[in-house]
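You will see subunit A twice below: alongside subunit B first, and alongside subunit C after that.
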Partner chain A sequence: MAYTRRSFLKMVGAGAMCLSLAHFGFDLKEAKAYATSLKIEGAKEVTTVCPFCAVCCQVIAYVKDGKLISTEGDPDFPVNEGSLCAKGAALLSMYTGEHRLTKPMYRAPYSDKWVEKDWDWTLEQIARRVKTARDNDFIVKNAKGQTVNRLESVFCMGTSHASNEECAVIHQAMRSLGVVHIDHQARV
Partner chain B sequence: MAESRQTVSETLAGIAERRPVLAPVLNAFAPLLEARAALPEKLAPMLEKSGFVLPPWQQERAQQGAPLLAGVSLNGLFPLLRASADALLPLLGRLPGMAEHTEALTAFFDREDMCLRAADTLLTGHDTALAEAAEQSNIPPAVLLFALETVVGPVLRTLAATYDAPWDERPASWMQGFCPVCGSYPSIGYLDKRVFDEKNAFLAGGGGKKHLHCSLCGTEWHFRRGACPSCGWEGSGVMEFLRESGNSRGERIDWCTKCKSYCPVVDLRERDGTPDMDALALGMMHMDIVAAQKGLIPLKPSFWNQF
Partner chain C sequence: MTNHWIDIKNSDAILIMGSNAAEHHPVSFKWIMRAKDAGATVMHVDPKFSRTSARCDFHVPIRSGTDIAFLGGMINYIIESGSWFKDYVVNYTNATYVLADSYDFKDGLFSGYDAKKRTYDRSSWAFKRDEQGAPVRDFTLKDERCVYNVMARHYSRYTLENVSKITGVSEENLMKVYKIFCATGKPDKAGTILYAIGWTQHTVGVQNIRASAIIQLLLGNIGVAGGGINALRGEPNVQGSTDHALLYHNLPGYHNAPLAQWQTLEEYNKANTPVTYIANSANWWGNRPKYVTSLLKGWFGDAATAENDFCYGWLPKCEDGEDYSYMYAMDRMLNDKMRGGFIFGVNPMNSFPNTNKMRAALDHLDWLVVAEIHNSETSDNWRRPGADPSTKKTEVFLLPSAHRVEKEGTISNSGRWLQWFDKAVEPAGEARCFGDIYVPLINTIRELYRKEGGVFPDPLLKLNWAEKFDASDWAKRINGFFWKDTVVNGKTYKRGQLVPAFGNLQADGSTSSLNWLYTGSWTEEEGNKSKRRDPSQTEMQAKIGIYPNWSWCWPINRRILYNRASVDLQGKPWNPDKAVIEWKDGAWVGDVPDGPWPPMADEKNGRLPFIMNTDGAGQLFGPGRLDGPFPEHYEPAESPVASHPFSSQLTSPCFKFHKSEFDKFAAPADPRYPIVLTTYSMTEHWCGGGETRNVPNLLEAEPQLYVEMSQELAREKGIKNGDGVIIESARGQVEAIAMVTIRLRPFTIMGKTVHLIGMPFAYGWTTSGCGDSTSRLTVTAYDPNTTIPETKACCVNIRKADKLTEIA
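For the complex of A and B:
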């Protein structure tokens, strides 16, 4: 039977042809007890993208039990090759910072207090206000009587992290409302 | 790597100081490791005289995953193998339990035909040929394999040292988890240090690129952090690491969540010096024990990671 290099390595990998320290007469009881006594920690390496600017540096996020514990620049990503700017390097503090918003907060007109709201309420408010603005401000014809069907009182601020496809969907959604003021945010 | 490395003895002394429980094993293998590390310098002039034609690095072959020495016979390298055996077999014979095999091993490496055929076998992976050679020589196969790797390793290191790491040139042609020169699996890897770039002090040279270190010929090559060198699976969350909490000095094991294989890795950004990688692979035995307890499989089986 002919064997390939890979099958050979697999066989060796099974330890069938490999010496062990026991063959050399070493008693590993103490070494094993020592290893067992060590406090071991671990984490998963998850690649993600820095949320700050349009360079989109790739980041390795260390995740343990579903929680982020550390970040570093991804050295294999050709754009940043492991480097991060000051903001990107402080990514973990953005995640763990006490000032980070984790729920929608609402401040009513003329109020000086922020109130926590749930997402259903928040999304409905956004939809309602966009519709109100459109109903009130939609321009069908310009001063020359030409049909323009546009909405100038709503401005769309995008994100540099949207993919081409996501940008296309956002663009079409805004255009369907008649929004003409759209910024991709890549320069901000 | 620009920075000079610690010697084998410096590396082992550092480990023994931090982990005295490993000292008996480290002390036993130190002379053999030191002699192995010193040999390529002595063998280099012999390689020049041997007339052995070094195979050229071919991008196309590399892209298909064929190591440099795949299909290459080591004919012409017997003087180097003989010199390596002369230097290492006496040290190997002083290891506990090996003295009884010294005579048979010496006779084996005295015979050019047997020696070259076995060395070629190591590269081509014809396991039955190796088992037959062991049987004919009255040497246990595991002992012959250990001796072969010990003796052939420095010769291949001498060969590998003549190349200027074309496998790491961009665009990358070598994407495999096994060695671009001899095809062996790595015994250890390292994450490289930060490099200060005057022109771009804050936005370049972050370090942390992973390099794998071949267990046989010592070649080092760049490998993606997010990929498993064993099964090749690549993606976010595929690789996990384990390390000693608070006192690891960058020593960890990177393991694949798909195939459960692991490779020891040292993060050089967490250390002052750069250790000898072969010595550190042995000195990270405590992490091999941890890995074995967790049911992980070593990428490169070695005598210190079989329990």
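For the complex of A and C:
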């Protein structure tokens, strides 16, 4: 049997736990039973990457019945070797928190509150505003008579939280509209 | 990073400056400590003693904003002590180039300065050229006008005494750092410089990094294992988002955004494709037209043809010299030049400088689209403290966005490794990833144009777009396709198949790629290489930890950039124990070399190592920057002193700023604001804190805004540890809790005592009682090259608060 670094670590980890528990006079059978009833038992392992700094530590997400039940540093990844910082270690509570935004919200002009909306309505409203701005403000030629095809009155800020694929989508989308005010965290 | 995280372990001397790596990139420290365990000396030069300092061999306090003085002193030391690596400098850098007679430098100003425009005409910063157009070189370095000698004279003013006076670093400490770091000028030693936004967020940010480049070139530390200039990039995918250019001035893959004077693709290519007159320079950017045409083909597909200039004319053209960055967008907003826009995954109403200006500016928008995980100071700006919502006109659409484990795709780490992440769970509620927002939004806009018509619909309607967002689909688009059947090395690729490497991209419309740097990341032969998890390495690769089979890195899986500089003219490594590449039996082994050519000793086919520079040489003299070919010390836009020892030019002659009623500055040595403020983040919070403040365990660990100050300053101001205090600048005031500490000490600057305080910027009013934006204090003064604001140094005052309203 070929041992990967990870399976080796798992064995050593389990062995160390048994040893320490035995040392305190526990029955090894109980320790083994405990080890097999860890909350990640039977969970699907999914490889992800910590969403904070650009060390980009790899993380294993454990999923059971479609729910995230645990996260830990990926011990096989050569950069973090299983380590995570305080933020990376708090990934799970980031997903289980109650504070998340879960529905599109709308704040009307001069209103003092948010109102829930559905996605179709929201995207149609935004599309309408973008088109109105573009149709009214599009600059075909500059003062020198050069063709510039530019929309200056709409801007795009963000984000380095986007994946590479999403960044490609955002850049292409903005240039096709003629947007030139494009910026994100690389500049602050 | 020129190198990558693991490679830090190969270093003999590590200079951490402009970074608090242990705090902000905690896991990077694993590799710093591994180098230390193997005998490396680790040094931290930073205003504040921090978690990083605690793990280093020693900490050297420096006044924020004086890095160029410190580094200029090191350049002077290298030259005076003869610590430079002669074979490397003579063969691989432009030390030998002779400067044209037009170049001059007097009293802090380079030739060509226009005081009215605050810009330089850079044409005088040129090299002497022969009849063929090639730069004149003097390999003996005897010519008084060769770069080496001009540089030596430039930095001869950076004596220990002068540097010490302005930085506040003792001469003894200066010598300690200089001696240890410059000992890496030997062929078999390597030193690395690790920096972060502590260097970039200054009005001289780019020149801070230029100064480090000069040092690393003089010491022969670029291209080697354990060397390099390593930007510890902060944001999760800021490497990738920069590569893909969520920036006004670039197209994806580091091409200039089109300007109005480049009306055709031919004009664009002519202006942006460099030509070299040095026979053995690779001049890689000579390939630019292939990458730009492939990008246009990727964007517009079959609509892009040679006859219509591949739709180049459809792209927006910027005005030459106009700035469309964040700071300018905000200023235009304040002046009612903006209707609306998108703010996704960023919280400018907490993290932008001079935040009171930013918050007021946002009120001027008709509409705003925010995509976030939580309500933020940006999404809820209309109900900020002191604001009356019934007077705020802005419509806000707040879109719930998916978190990392709820989506799939790739990110690029700071070492340019492309890492795939899988989707673990469905997004919370109705949350969506950004791709699932923008792709249907553009389709909705397209539908409106299709139905109703409108202004210039072609670029939208003829876009090579998708019905739905799929990360794999876009990862392949980024890699690129063949658009007609093509034979490569005897193998036929059909239209629609993936391009194997960027060497196969063409300027004739037969290929597409949304970013040439990433071509080769997903191939017909090997599939999606960002998913690779194979730790195998050759013995040579394992010695330095290259891991070539784990994930993939741009460009073309090269793990250490400029690695041709790690070998001598014969292709033998300078340091055989930590070889990056080696020429063996007519082929390169080790890392992927910077191009396939043989070593330079082969006069016909060999190539110079700095392949991205037109003439192939590392640039000690860098004519490309807007504020000078050599870094020069200038004080921050707000300075506690009215003069410095290097020239009568107090501040950068080129830094940018705005002039609204909000853009106020303290005068030099202003008695109202005598204290230097620097800002930072912390491990437990992320940047503006919009995400981490909503995670209870992280908020509990770091619950509220504090200000670190020395015991001496606290005594002077009658402030005790734990007191509520008010910090004021010319732009605003902020409440914080005093943290009186020995981690900060007063400096002696130009003979007088200068205090420096430090504050995190992670707190905002949407998290009740934790305090509000520190950035309300910082300046809207920017680096002229990047327009990055100077949030690392400004001038303030501090007093004990009678009562607190922002902090519970």
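Please note the rule applied: the second predicted complex is superposed on the first by the 115 of 188 C-alpha atoms of A that agree within 3 Å, B and C clash if a C-alpha of one lies under 4 Å from a C-alpha of the other, contacts with A are read in each partner's own complex, and residues count from 1 in each chain.
Following the convention adopted for this analysis, a contact is a pair of C-beta atoms (placed from the backbone, for glycine too) under 8 Å apart; a residue touches a chain by one contact, two chains touch by 3 or more.
Treat the numbers as computed from the prediction; the structure is a model and nothing was measured.
By the touch criterion defined above, A:P75 reaches subunit B but does not reach subunit C.
When the shared chain is aligned, subunit C comes close enough to touch A:R134, but subunit B does not. When the shared chain is aligned, subunit B comes close enough to touch A:I40, but subunit C does not. Once chain A of one complex is fitted onto chain A of the other, the partner contacts of A:L84 extend to both subunit B and subunit C.
One of subunit B and subunit C touches more residues of subunit A, and that partner is C.
Contacts of A:H161 after superposition on the shared chain: subunit C is touched, whereas subunit B is not. Residues 5, 46-48, 63, 76, 80-81, 83-86 of subunit A lie in contact with subunit B in one complex and with subunit C in the other. For subunit A in complex with subunit B, the touching residues are 1, 3-9, 11-15, 17-21, 23-26, 28, 30-32, 34-36, 38-48, 60, 63, 72-76, 80-86. The residues of subunit A lying in touch with subunit C in their complex are 5, 46-58, 61, 63, 66-68, 71, 76-81, 83-88, 90-91, 93-95, 97, 99-112, 114, 119, 122-131, 133-135, 137-138, 140, 142, 144, 146-173, 175-188.
Only residues 19, 21-22, 24-25, 28, 70, 95-98, 124-128, 130, 141-143, 145-146, 178, 183-185, 191, 202-210, 224-226, 236-237, 239-246, 257, 285-287, 289-290, 293, 297-298, 301-304, 306-307 of subunit B touch subunit A when the two sit together in their complex.
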